[in-house]
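Here come two complexes built around chain A, the first alongside chain B, the second alongside chain C.
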Partner chain A sequence: MHRVFQNKTAIFLFVFPGMLLFALTFLAPIVLSGYYSFTETVGPGTKVTMVGWENYANLLFHDPKFWLALRNAVLLGIGFIVIQHPICIFFAVLLDRIGGKAEKVFRTIFFIPCVISVVVISKMWLSLLDPTFGLLNKVLDVLGLDMLKHAWLGESSTALGSMLFILIWAGFGWGLLFYYAGVKGIPEDLYEAASLDGASGLKLHLRITVPLLSPVIAVQVTLAMITALKQMETVFLTTNGGPGDSTQFLAVYLYNKAFSASQYGYANAISILFVIVCLIATYLSNRFIRSDATEY
Partner chain B sequence: MRTKGKTGIWIFFLIVAFLQLFPLVWLVDFSFNTSADFYSDSILKWPSSPQWQNYVNAWVDGKFMKYFFNSLFVSAVTIVLTVVLSLTLAYAFTRMQWKLRPLFYSIILLGIMIPIHATLLPNFAIFKELGLTNSYLGLILPYTAVSVPLGTFMLTGFLKGIPKAMEESALMDGCSIYRIVFQIIAPLLMPALVTVIVTTFLNCWNEFIMASTFLSKDALKTLPFSVMNFAGQYSSDYGSQFAVMVLTSIPAIVIYALFNEQITKGVTAGAVKG
Partner chain C sequence: MTKQSRLARATLLTAAIATVAALSACGGSNDGNSAANGGGGGGEGKVTLRLFSNLPDRKSGQGLAEQTVIDNYVKENPNVKIDVETLAEEPFKNKLKAYMSSNEPIDITMVHGGAELNTLVQAGYVKELDPKQYEGEQYNFLPGVYKSFTFDGKLYGLPRNSDYEVIYYNKKLFEDNGVKVPTTFAELLDAAKAFRDKGIAPMSINGKDLWSFGEMFQNVVQRYSGDQNLILDAVDKKKKFTEDENFLKAAQFLQQVRDAKMFQDSFMTADYGASQNLFTQGKAAMWYMGSWEAGMATNESLPEEFRQNLGVVQFPIAEDGKGKIDDLLAWNGGGYALVSSSKHPEEAKKFFDYLMSANQWAKTAWDTGAAVPAQKYELTGKESEVQKKLTDILVNASSTAGASFIDYGTPKYKDDTQNAFGKFFSSSAKPEQLLADLQAAADTQ
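Entry: the complex of A and B
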């Protein structure tokens, strides 16, 4: 190994700027958040009273909203894994099969919602699901299915499901792209060998594609859980957690606690627990699934 | 048999693509209609006279040009910083030999797992103290800090797949380590760099929650605020609201149309190499 690769100055110059920025705008704030989480204050720059573990005790033992937000995140994550991901894998396989120009065209089309900003997506779906002029209810009218009409985002029974649907619509392209990349990495001759053995169609894919995709699936499932936990903007801009906390999520909750309810200390405690939950979720989903996907 | 199957997929894909993009078609269609038209029974409505006024409202009152340039500036600076920092970090993590390497790599990866929302409250306090709220830097710094971990992760994966032979022969020729990174490695990493650039662009361009927390001064606001302004100002003028949504989506769609091959290639290459 060449001496140059141990050059201390070079290593410092390569690593320091990036690490410094990351530490100052990502890690230091979380430490500060830790400090605020032990206080009671209405906002930065105002009077601060130390309250010890009180915020955490209240959160964990007396705040059903916190647990509701967690439950919603878990439900959303399961929704992603059970609904979105199988669809993505299915489309990735079909996309690979169709080949030629169509492969490129459809790949491009399916990804389009992913480049649209979250603000536009949220406002657009608010209109699409609007009870009076929304597209969905109009379509149900035309199909003669009026009894299925809902104020989709305005009723607590349908709000979380509608949210899942919006997020799947918006995120489908990314999932598809990752699985498509995985499918492309499977050597063609494996399929030939398997079809000589008499496997075909669904069985072929269940036996070859899904097992060989398992490293990709492992990463994607982890990402799905994290995405569900981190869910914020779409909820914030459509239901803001409502109606009646039916779409409450940790990030929305902490934001509203800090900036609407002026419970800044309490909000920071949520923030810290939020970080811990994300780290635990990442660790667990890595542990559970990645038995043979060590390279990730 | 095979071609028959392909026709089936074609038809299926066409139907799905139609359903998937229909909300966008609906958005564009009604952006040319008057608010009264929203309450008609028809699913799509050919405007009796296209309401170009909606787009004039969007352009003028949505302050499209001002916000567009703010977005452009913030995204451009963030992209440059992200590329340079991720490239040097990724190089140090894959090629350089140093003791703390695994530790620092794990720390950087925390940036992918920890939600940015957990940094919102404390950063708001810090930026307020430092006078960074209502400044471009107040967006550029956190945007870069969020983009660097992902960029580093992608580039590291890619770098592992590049043989060291070229760098070793460049060293023989007396090339410095800095020239190796920027003149030999950077071009080799082009597909991965383009992916980093495009994902960073999309993230900054569409980012909303940090911008709305850290900015209150109108002169600095970014494109998503066009839509937000309208929700209040034109609350019952749905046509104009839709127009501003269409208008603000165009730049990102154009960028995507230009670079979509590279996005796919970058993701594909990165994923296959793992």
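Entry: the complex of A and C
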């Protein structure tokens, strides 16, 4: 068998089907997309006119919506990293400390949002945040905080904030799961040694837990940036980028350009830039957060 | 050792070939399926036609009417089987474009006149029809209904309904609160204030879908100018949104509508269903929608009390405008077309003609109260109040628009225009800004 794996033909035959699949389902669409991004067409099968770099020029220099969508995606990414992840780490540590039966119960509860379908989550939040029947406004009413009432997802001023909140809430369970697994991997004796040396409370976790979680954090930050850029379903199902353009995200904008406005060429240009932005984001987050494998 | 490696190599080769074969079989199997479907047609004279429709509910309203005609046809033509594929509105539009790009051999499809159909025409996916063939008694189409289905003077589909915008209202809410059903813009604004004071949403609208804003703007422009063609000319760039004062007046009125909080609080996140629910549950006094909702009056799944209190009224007039109450924002949006890549063009055409006959779709849709047809129909005497009123509105119309202006340009124009309204209604933008955006949309289409 050993010789089989040294045989070049054999290696080729093993790898070929996978590569073929990759080429057909990943590379080919991207190449085609690249081609269409230089054209103007209302849809496949219709007249295709080459327009050169025009789509890109319009996109980069004359399309504030594109930049708005990108800004919102970056804001979401920052929201994930600055708000969601610290909370995730905090709860991961708490879970680990609680122990026993309660640990399992809470672990399950925290993970529930990740099990529910995106459609259900979207519809649920639409109802919760509804200005007339929504739970949130009703609660504010009862508390006598009427002036804080809003049409949360329906007003330009509060829509983006509400949207970020929903997305951060919905992704919380996944983040927690990763950090929890990370925390579980830290050997107990390290904590014992540290507390013998006089570290306790917050200091203990800042000096021991967080540094030892750095490989997980590195992966998570990359994933968070990509998730933020790719965000589509929840926005599409709740506000569809509105009101106005206040919750416009790249993927939703791309979809609407292709399927509502029938600007296939333009939408393909967006998708190519989208791929490039994702690659840059991945590269940067990998670059700045070196994950040196820790050995215990 | 050599034996073993030969065996291993043989296994590997077989596996690899099998994989490739399996992969290529995946690609080929589609052809196999459709060939099998089509083959059924040739052999024993049994034909399977494929119909693609945007009416997933086959038990009530227009879906029931469509299914009834299909059942009638199959009964009369036992050699024909009709496979119906249905999707809700937005997914339907997207899948139809996917079908278009892969030249899927369906036989008959529902189409939206105007921008959407134009794309299909450009792709050569729908067949040209001969308008002469559809003249006369058998079809009885009302005059001027082909407008949204005609491109470069050629006809590509037939309309199934007369679509026109009206205001549905809840009689009980108006009576209980002592509010007058509005016939003028001032009364409409008064009604908004009166209902707001009582904590009731004055008017429900599907703001997330955006298009209703466009219809309302067209309605208002006509009420000021008295000219149905003005706004269509602006789309054609023969007039300017930013120059004609009727557009400015209309935009200023929309600003008043916005400031009076005419629409429900959640209007920007409300899709079609959500806006309808609010109204049918008696939480909103009015619903701005089209004649295709005539079926609400006979829909058993809606509360009895609501159905008895359902009223319908024309869009109000401007006190200082030239438009009359009988000028109707009517057009023909939905319809059917024959697909070019059909495997059974003759059988498909036969069914298509049957479907569009005045005594099939038009009669069935009217008798079941599902919609107001684009063809002449006869009153049966069993109509609901809402149907009678809708008929009156249509029959007494002194002029009709013929097209909805958002569908009068390219798909990009529609998208940009709708977004301009979305921006306007969700912010405190000035009317002049709205007009500038509308003009920009017309200029860059």
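Some points to look at:
The criterion applied here is as follows: the second predicted complex is superposed on the first by the 279 of 296 C-alpha atoms of A that agree within 3 Å, B and C clash if a C-alpha of one lies under 4 Å from a C-alpha of the other, contacts with A are read in each partner's own complex, and residues count from 1 in each chain.
The rule is simple: a contact is a pair of C-beta atoms (placed from the backbone, for glycine too) under 8 Å apart; a residue touches a chain by one contact, two chains touch by 3 or more.
Keep in mind that this is a model prediction, so the values were computed, not measured.
In the superposition on chain A, contact is made by A:154 with chain C only, not with chain B. Comparing chain B with chain C, the partner in contact with more residues of chain A is B.
Using the contact criterion defined above for the overlaid structures, shared-chain residue A:44 touches chain B and also reaches chain C. In the superposed model, A:202 makes contact with neither chain B nor chain C.
Legend: residue contacts after superposition of the two complexes on their common chain; A:17 is shown touching both chain B and chain C. By the touch criterion defined above, A:263 lies against chain C but remains apart from chain B after alignment on the C-alpha atoms of chain A. Of the two partner chains, chain B is the only one that A:111 touches; chain C does not reach it. In the overlay built on the shared chain, the residue A:143 is in contact with neither chain B nor chain C. Applying the stated touch rule to the two superposed structures, the overlap between the chain B and chain C interfaces on chain A comprises residues 1, 4, 7, 10, 13-14, 17, 21, 44-45, 132, 259. By the touch criterion stated above, chain A contacts chain B in their complex at residues 1-2, 4-8, 10-11, 13-15, 17-19, 21-22, 24-30, 32-33, 36, 44-45, 91, 94, 97-99, 102, 106-120, 123-125, 127-128, 132-133, 135, 138-139, 141-142, 169, 172, 177-178, 180-182, 184-185, 215-216, 226, 229-230, 232-233, 236-237, 250-251, 254-255, 258-259, 264, 267-268, 271-272, 274-275, 278-279, 282, 295-296.
Chain A makes touch with chain C in their complex at residues 1, 3-4, 7, 10, 13-14, 16-17, 20-21, 42-47, 126, 130-132, 151, 153-156, 238-240, 242-246, 256-257, 259-263. On chain B, the positions that touch chain A within their shared complex are 5-6, 9-10, 12-13, 16-17, 20-24, 26-27, 38-39, 41-43, 81, 85-86, 88-89, 91-92, 95-98, 104, 107-108, 110-111, 113-126, 128-129, 141-142, 144-146, 148-149, 152, 168, 171, 177-178, 181, 202, 205-206, 208-209, 213, 223-224, 227-228, 231, 238, 241-242, 245, 248-249, 252-253, 255-256, 260, 263-264, 267-268, 270-272, 274. Looking at the complex, you find that chain C touches chain A at residues 4-5, 8-9, 12-13, 15-16, 19-20, 23, 93-94, 97, 100-103, 115, 119, 122-125, 201, 207-208, 210, 264-269, 283, 410-412, 414-416, 419, 422-423, 425-427.
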